[in-house]
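Across the two complexes that follow, chain A remains constant while its partner is chain B and subsequently chain C.
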Partner chain A sequence: MRVTWAIYKRELAAHFYTPLAYVILVVFLLWNGGTFLLLLQQFAANPEISGTRGPMQLLFGGSILYFLPILLFCPALTMRAFAEERRSGTFESLMTAPVRDIEVVLGKYFSALTVYVVLWAPTILYAMVLRKFGPIDWGALGASYFGTFLLGAALISLGVLASAMARSQVTAFVLAFALTSGLFLAGLGKYVFESEAQQAFFSYLNQWEHMEEFAVGVVDSRRVFFYVSIAAVALFQTTRVLQLRKGVQ
Partner chain B sequence: MIVATELTKTYAGRPAVDSISFEIPKGEIVGFLGPNGAGKSTTLRMMSGFLPPTSGSISIDGLDVQESSLQARAKIGYMPESTPLYPELRVREFLAFRAEIKGIRGGAARKRAVDRAMELTQTADRAKWLIGELSKGYRQRVALADALVAEPSVLILDEPTASLDPNQIIEVRELIKSLGGEQTIVLSTHILPEVEAMCGRVIILRQGRVAAAGSLDEIQRSLSSSHSASLTLRGDHAKAREIVGEIQGLTVATGDVVVRDEAVFSLTVSIEQAEGEIAPKIEQLVAAMVSAGLGVREVSVETRSLEDVFRELTTTDRALEETAAEAPTSDADDNEKSDGATT
Partner chain C sequence: MSKATSKPSQWLERLAGAPTAALLALVLFGIINVLAARHYRRFDWTRAGLFTLSPRSQQVARSTREPVEIVVLLGRAEAQWRDAVELAERYRALTPKITVRTLDPDRQREAFVAFAQRYGLRATRSSTSDVAAEAGIVIVRGERHLEIKRDQLAALGDAVQNGADRSAADRIASARVTVERALTSALVAIARTDRPTLCVSKGHDEVPMSGTDESMQLFVQDLEHDNITAREVTIRGATAVPADCDALLIAGPRQAFTEGEAARVLRYARAGGNLLVLLDPNFVERRHAQTGLESVLREAGIEATRSVVVESDPEHLLENLPPMVFTAGDFGAHEISRNLRGIDAQVLVRTARALQVLPAANSQAESLLRTTPSAWGETGELEAVRDGALRRDGADITGPIDLALASRFANVRPRVGHRANGRIAVFSFSYLVTNEAMSLGFRARFADAALLQAAVGWLLERDDLVDVPPRPANSSALLISQESIKLIRWYALGLVPLAAILVGVAVLRARKSVE
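Moving on, here comes the complex of A and B:
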């Protein structure tokens, strides 16, 4: 725990040392702001659509505009993690300190996850704004944030894994994006295959559907299990990759 | 105590370190000396637990660095050759981070450890600087401070003075010497004066093998003769040494007898040229070995091989002398000694 905490702090500082974190933060805010504005205009133009789902519900998982930045920015948050240590050679001094692989992995993982949470934090303001115009379903909103957190927790673990495999940040990013978008596209298999078993399987993977559930306030334990197990498996695999990477510059 | 047995590392079939064995007693300062590509860094990397050996093993205080990696690493302070650091941290922050992951608990204890390490390496004046803004020599000293910060019982330093100015070279040598006795120190270098200034013992590597090992005196004595014979023998090695001593003009060149397995070992014998032809000496030696009941497995006569090693090493040494001569205070003591070795 001590090592995880030390690495967590250092990683978090390193995120904000490079301009990347700020760029991501700004782009992400603009993107979500734009999406929110678009949704508001839609609602203003067609008041009749505001049935079960308000703009807040549609902001979470309602369109590709929600997934695209997540699929892109999770790999960007994690690409540094191990690839940069290997490039600069600090990997050697890090791994020859008396640290367990899993402690290092968790420190890096949680620091990226923290930045992800920070990215989302300002969107609470939208809810504050909307409150002036009508009631907010706080339960559904809480579930939306929880689902968004779970999705990030899973995708960031894949990014950390990719970063441990890669030797440069660019490779790490590309590999992580391949993993996260691969997982996302696999879920869309639901709209391609027709048999009942296939439908059941792909809807288990279908993040779009999952988020629509979360957005209306449904927290299904199968979903929680799905994302948490992806994170657990990916982080465990990362420690195995690190074992193989020792001694290889 | 550090024990390596038949340590080997091959890269794509090519050996970088080729079945080397050595023992380093507690508290000694031992230098790995050798030209570029000799396998020094590869050996130290394996010692640090970072690089898994292709075969053979290495242990620190009885802990195998691969099997009991975590416990072994807790004893080690390792400074890699490239002195890797995080450029975005300040010197103090970096050392505090390293102290924390090396297990120094509590803010006050960490502060004390960091202060001590900075004082020893004379980096306290840069405590608040960003590492990315430091000069190369300062970066090297911060990396050294990192190796020292948790007061490890074993220090592994890959070229600790590589990018220092002549004054700092002297300071760091003094520091390393003062740490010996308490801590076991293993370092690598290209240059002979470095070894003379600090190390009680030296292991000379060439092309991944031990070319010579022992105290500098022993090695220098063997250098004065120009021929040597390497023998691989089976039997009692004390007996073998005795036989070598009895033959006029022959001496055991290196104090180290490498025991391969139960009874097989190799020995390097130097042959004084003043004694005439060397072939009869070899015949006499082998006959004496055989009649004493020792099995002679291999004999090879080498001419000036150790000198060759030293020539390679002392050429590098000249470069340092020139640098030192340019600076106002040169390491005069070192130059004197190295002159002795070159002639």
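Moving on, here comes the complex of A and C:
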């Protein structure tokens, strides 16, 4: 645990002591701010479109504009996790140090997850502003953030796995993007296939639908298991990859 | 000790080290998710409990014996799609007898058209599609099917109120989702083979069933939706109230019932018939007059006084309207009204008379709705009411005033095979049944329609109408002007990213100075 904590702190410092983290943060906030404004304008002009959903609910999973930055930024946050160690030549020393693979993996994973949380944290200010114009359903908003956290937790684990597999940061990014967007696109199969069994299967993978549920305040245990199990399997596979790499070396 | 513990861990290490470890992890992933998909729970985190089924709906779902399919025919882009699907899923989660299918007219057009043709659904256009069905949801049970129309899923407030346009946001804010009640009613109705009849009295200048704006057309439509037949009957000149009436509605008679007619009504009730009576204050030659039904009500322990209720609590008065038009929100603990307690619901009251419980009667009436203690029953003449210069005096009835009461007739001897049992619900104003009040029923604060429908449900022993209260559709509705958006733009695109830049610069400079 102490090792994990030490690696976590080191990784977090590495994230926040580089300008890249702030560039990502600003771009992310500009993107979400723009999306939020777009939805607000639509909402103000035609509130009937929203039904039971207010602008905050529409921000979370109401459009592809929510998923695009997540699909792009999660690989960006994780691409350097192991690939950078390899590039800088510290991978070997890390692997031969008296630490368990899982501790290294968890340290790097939680640091990336923390950055992801930091990216989303300022968006709570949108709700604070909206409070001036009407009531905010904090329960539903809490569910939205919980869903966003779970989604990020799963996608970041895939990113960490990709980083462990790849030799360079670019390859890690491309591989992570392929994995995360592949998972996202697989869920859209629900709208392609018509049989009940196929629909049920693809609906289970459909992140858009999951986030629509979270956004209106519904927390489904299936979604929690889905995202947590993805993260667990991906992190386990990451440790397997590291052990394989050790064997190769 | 170490040997004992090392054995399994060694075994695990060997297993994990095997090339199949990755595959095993994936298999485990699959098993966990299959189990999670079969045994799941859905938690409702919304403030208003928007997606929590009422105990009655849960009971109805769990008591489903035959397989029932809920088919949602709304497009994903439609405002009610999420509510309909979510609530349908909640019924499904309660019992394996219920299955849910969605047929999006836009994305699954062929399947949608085939389904619509099979069940003979009427076509319409929706806000998002040129092909849609009038039914938003269809419940299928064996060979039977039951349609839930789109307007039953949610109704918005009128676009115009008191001559002024209401903003769309305001209408949304005051909407109420009735999906749950529509679904529960449909699940009950499709399992029932009987269809109760509510007879509507005519011949005494009552509120008409249809025709004018002041008719009860919307109420009758709601009854049809709830699988209840409404038909007119004439008491005047008839020898008795028809025996096939499960309940008799007498709404706002302006001509008095004769003693003989009142006796027929009482005979009907004593034989197990149910009564829904809405009595307005009645004036003849400027003086309070009786409607002839007062003697019938007394038999149920209810006194309809010669008065007009006046409210003086400013919180319950409406702007530019006389104090005989007010809101009341003190709901009684009776089955009919208990679900409206504690949800900030109000009933809009227009010119009511005071009701009183007769203490020494054979039947004990229970309050459904009361005014505030500041109200009183004005017993003065018509002028006193009309000129607005109302003064409370010793002859008036002191508040709080009962505006609706429910009771049962004593000594009821039901006819053989008759399912009714001598229940009576009395409202002191007939406005409740009019189209305007029924429309109000869907607005955020007003529960006029919900109260009336619950009364009908209680009289006809249709618990689904009693126990499933409407709920606010949008607890997050916001009123945002273009001017406000400018302010938010500066905030979201200027201030927040700028703050992030400043934090970044500060952290990096601090780091540099340390180095």
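In the analysis below, the second predicted complex is superposed on the first by the 242 of 249 C-alpha atoms of A that agree within 3 Å, B and C clash if a C-alpha of one lies under 4 Å from a C-alpha of the other, contacts with A are read in each partner's own complex, and residues count from 1 in each chain.
Please note the rule applied: contacts are C-beta pairs under 8 Å (C-beta built on N, C-alpha and C of every residue); 3 or more make two chains touch, one makes a residue touch a chain.
All of these numbers come straight from a predicted model, not from anything done at the bench.
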Touching partner for A:R100 - first (chain B), second (chain C), both, neither: first
Between chain B and chain C, more extensive residue contact with chain A: C
Which superposed partner A:Y17 touches (first chain B, second chain C, both, neither): both
First, second, both or neither for A:A178, with chain B first and chain C second: neither
Touching partner for A:I64 - first (chain B), second (chain C), both, neither: neither
Which of chain B and chain C A:G34 touches, first, second, both or neither: second
Which of chain B and chain C A:E212 touches, first, second, both or neither: second
Partner chain(s) touched by A:V233 [first = chain B, second = chain C, both, neither]: second
Partner chain(s) touched by A:E92 [first = chain B, second = chain C, both, neither]: first
Chain C-contacting residues of chain A that also contact chain B: 17
Contact footprint of chain A on chain B as seen in their complex: 45, 48-52, 70-71, 73-74, 76, 78-80, 82, 84-86, 88-89, 97-98, 100-103, 105, 143, 146
Residues of chain C touching chain A in the complex: 16-17, 21-22, 25-26, 28-29, 32-33, 36-37, 40-48, 50-51, 77-83, 86, 101, 107-108, 111, 127, 154, 156, 167-169, 171-173, 177, 473-482, 484-485, 488-489, 491-493, 496-497, 499-501, 503-505, 507-508, 511
Complex interface listing, chain A residues touching chain C: 16-17, 19, 21-22, 25-26, 29-30, 32-34, 36-37, 40-41, 43-44, 46-57, 122, 125-126, 129-130, 133-140, 142-143, 191, 194, 196, 204, 212-213, 216-222, 225-226, 229-230, 232-233, 236-237, 240, 243
Interface residues, chain A side, partner chain B - complex: 2-3, 6-7, 9-10, 13-14, 17-18, 88-100, 246-247
